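In what follows, subunit A forms one complex with subunit B and a second complex with subunit C.
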Partner chain A sequence: MSKFEFPPSIGSRPVWGTLEPRVGQAHLFVADAQGAEAILDVATPELMAAAHIIFITRGTDYADKLRALNPSQFYEGPSYDAALSRIKRVLSDAKMGLQVYISGTESLMGQMTNEAAQAGVPFESIQTEHRGSTARRMQCVHCKGFTEEVETDPFVCCHCGLNLFVRDHYSRRLAAYQGVCVDAEDPGNVPAQKGIYE
Partner chain B sequence: MSAPQKAKAGAEKIAVTVSAVVPVTEYVTRFEFTRTDGADFPPFSGGAHTVVSMEDGDRTRLNPYSLMSDPTDLSHYAISVRREDTGRGGSAFMHSQVAPGDAMTITCPVNLFGLDWRAKKHIFFAGGIGITPFLAMIGQLEQTNGNWELHYAARTPESAAYADMLLAKFPTKVHVYYSGQGVRIPLESLLSGQPLGTHAYVCGPAGLIDLVHDTATGIGWPHSNVHSEEFLAPAPGAPFEVRLCKSDKTITVGEHESLLEAMEREGVDAPFLCRGGSCGQCETNVVSADGGFIHRDHWLDDDDRASGKKIMPCVSRFVGTTLELDR
Partner chain C sequence: MTIQFNDETFRDDYSFHNSEWAIRRFPFPFHEDSYMYSMNAEQHRGGPDGSVYENRFDVDEHYVSEMQDRAKVLSEDPLRCQSLPHMTLAGWDLLELIMVSKSEDYPDLFELHRDGDQWRWVNKPLGIDDTFTFLDESTLPYGPMEYITRQSQGDFALLDQRDENLWMDAGMVTTQADWSLDFNIGMNFIEWHGPVPLANEMGIFKRALKFLLNIPQGSPGRRLNWTMTVNPLLDTSPENYHKWGIQKTTLTPENIGAKQHLRVELQTFYRLPRSNALAFPIRCYLCSFQDLMTMPKWGRRLHRVVRDLPVELATYKGFIDNRPLMIDYLSKFDDGLPTSPGIFPEPETEPPLKT
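Up next, the complex of A and B:
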């Protein structure tokens, strides 16, 4: 099961969509791990004829299935950071009429949406679909460091070591949720860890 | 769409003196205004228009025109008017009756066609007299070294108002196409070659506006990156009777006047800003109607139209037996 129904939350929490084919001059697909399934669901031969797929495997084995879609360009890499220089290059060469499809984890969708928007892609041309892990990219409000793949609440900031409470408060600029010290008043009094959506 | 909060009858008025009347082409004349009180004009942004009042005998004509002067120079405002010999008479009045030194009234500028400042590049498409808002936009962008280019279609070199000036000043940014020589703006190739973050703007005849929107949509541009402005002139039509509930009046809209003009003639305080079906200010609720509407505005959406509960009196008409408005 790669789809997850996020519980209703506050207004700042992003709402992800479902990819659908759009009219465009070129189609850029960026996916990580199970995000590949969203591409497999939406792909048509017409889309693939002008498609560039950038796939971040994160240890999964979807790459062959994606390659079999016969996109005009295909890239496979281990992490978002490894793919970023290629993504930047594709965006700097792109023209209006580009459609961007992002699928997979919230961390990927948040960062990639930012990257595309900064390159000038209109928000209306960016689609997202969540698949796979529900882990979050968190920013510690105290040291400003990012901790990736946070699945539990509270968690320990991987930069400053504070015990952080996982908030739904989200920053599009940072593509991260906010983590706030949970035991500031009474150091050491940390609630039991549980899954974020438990 | 919902009606704007405070609907007023026009923007605030300014008393002006005509300071220059300059023929530009066979059909186009520029009118320059200074403030009668000697002060500077209020600031405006490129794309703004003003509504000019013309006292033509016992009739007051109110026509919107784009401001074309440089927004950084507030000592005067300028508009350019194309004489429409088959029009309703406003442009003919400007051309034949208005002379330097005349006192006139115009409204404070209203902008329904502003630049989108998120754009990394602005590409302008002008057809004929649709060049005017772009002159002000270019003036504004040049102040900040903005990234723009203009594609201007006209019938012939003689009829292309301001083309020579633009080509001389901005030879690499301005491109002019003469349909009389069989040259059209190559929309498809232009729109498909624009960098990410480009916004397109079009002003001119309805055919050009539709073509730019359709071409852009066809290659994947989102609607929010394509901006257009077309002031509709009210079209004539069969006279009809209207009951105005709040004013407790029954009036007849003549063949050659709009519903808005008929209400004004009868002294009813009816809101408006653009008088061309774009701004939404004149939106009026229908109390009851037995008949059909001729909606011509760019404001009401399909649901509004289907509901039969709204009309834009500046450009739309009614055909039927009874119409009651909440005005």
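Up next, the complex of A and C:
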């Protein structure tokens, strides 16, 4: 599957990389859905011998292919929230020299990067690669509610019901884009919905 | 001089008003008849007597009412004041800077008595007389940044300096021109300026960052920034935009002079001694169009600036829809005469409006 080229954007929008094998005592891979393909691309027998793969399936069937890489540890779960307690445990047990590889959606990469950084993993040891859905994790600036998998602009906040414009402004701390009321100055005048990258 | 503090509101019935004194010292942000982004920073080392530049932290007739408005905002949304855990020392630095400056610059209003780390702070306009231990948070009712900025006009950001960048890691933000501390906290200088159009392409932010990283102790800087606000609403927050945005549509040719306000930020920059953080006070001044028009120079110039501003900027500053109405109103105060350079109104020497 070809990778999506994000259009040039503003200074707060994160730039994702391409996974490459690094030297390390241990390797933690966290991926969701098509993010599995980035692991398949980078995996080597040496890397896998010290690898822990945490895979969030989100309805895809990459699990068997990943298992076939023979990682030292493998976990398969339905969602990031379901995997989070295991991720926290792995990070709290981590030693110096851990390499972290995160691939898949922006929502996963944003949240998982924070989790690793908060556990003390230096940014130089965290790699990311976008694969799969370009949907955004969004925070409504009004009610502060988060909505996952936002693919269209504008969209209706699933918490407070306001019509929100999907900004490119992004908070790494919140791992979210900002949604701002689109019809505050003319209630009801909401532009036609379109895909964020259309 | 003794300041008469106004009893006024910045919401609901909007009883905010500027005295003639306040109009005359209003920090008009245009030094010439056109505007484009620039860093336009200079040393913050005083200014003409009575101007907003004279003292380190300007106190004016709106002080008490602004602090009451801030308390209301914080009561409704405590997240307007946040400080990441490593920023407490910078908060103490800021508290010291403000207490020392105000007690020296306004001895009739503020007193600071220091005996080792036992400090007594007297704020007469707000009726505060507190004794506390410097650097001991448990002796203050709030964290040090929140404590002192509940008593200081303007927003405050505390910027941590590391990795050749500035990080907005603490702030008190209740009089903002439509940006969210809760969303932006933790961002670096380039990130939090991400949404600003044109300036990035012009290389402004790279140069501004370099300037700010090199500000030394004892040598503060300042600059003016501006936007437009309908009604004297201090708290134009994104959080409440769905509530106040509609007010922008209430302008008419009859009410624009009273309702439309030029909103000016006096931004200052101070290197802090213990934390090496940068204090970034952002002081908001509001003035209605009709009050600005009492100064012939400002009438002529504001018309020319608003008329000729690039569309991107008028859009970003949120008044593109109202611009035609503004130009109609302002054009009546522009007789085509030249204006003198600089921001000060100079009513004694500037010719009156030709009618």
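A few comments on the model shown:
FYI, the second predicted complex is superposed on the first by the 197 of 198 C-alpha atoms of A that agree within 3 Å, B and C clash if a C-alpha of one lies under 4 Å from a C-alpha of the other, contacts with A are read in each partner's own complex, and residues count from 1 in each chain.
As a working rule, a residue touches a chain if its C-beta (ideal position, glycine included) is under 8 Å from a C-beta of that chain, and two chains touch if they have at least 3 such contacts.
Nothing here was measured: the structure is a model prediction, and the numbers come from that model.
Considering which of subunit B and subunit C touches more of subunit A, the answer is C.
Of the two partner chains, subunit B is the only one touched by A:25; subunit C is not. With both structures placed on the common chain, the touch criterion links A:125 to subunit B but leaves subunit C unconnected. Legend: residue contacts after superposition of the two complexes on their common chain; A:187 is shown touching subunit C, with no touch to subunit B.
Once the two complexes are overlaid on the shared chain, A:96 sits against subunit B while remaining clear of subunit C.
When the two structures are aligned on the shared chain, A:162 is found in touch with subunit C, with no touch to subunit B. Across the interface of their complex, subunit C is touched by residues 10-13, 139, 141-142, 144, 162, 167-174, 178, 180-181, 184-187 of subunit A. On the side of subunit B, the complex with subunit A involves touching residues 120, 191-198, 217-225. Interface of subunit A with subunit B (complex): residues 22-25, 91, 94-99, 119-122, 124-125.
The touching residues of subunit C, when paired with subunit A in their complex, are 180, 182-187, 190-195, 200, 205, 238-246, 248-249, 321.
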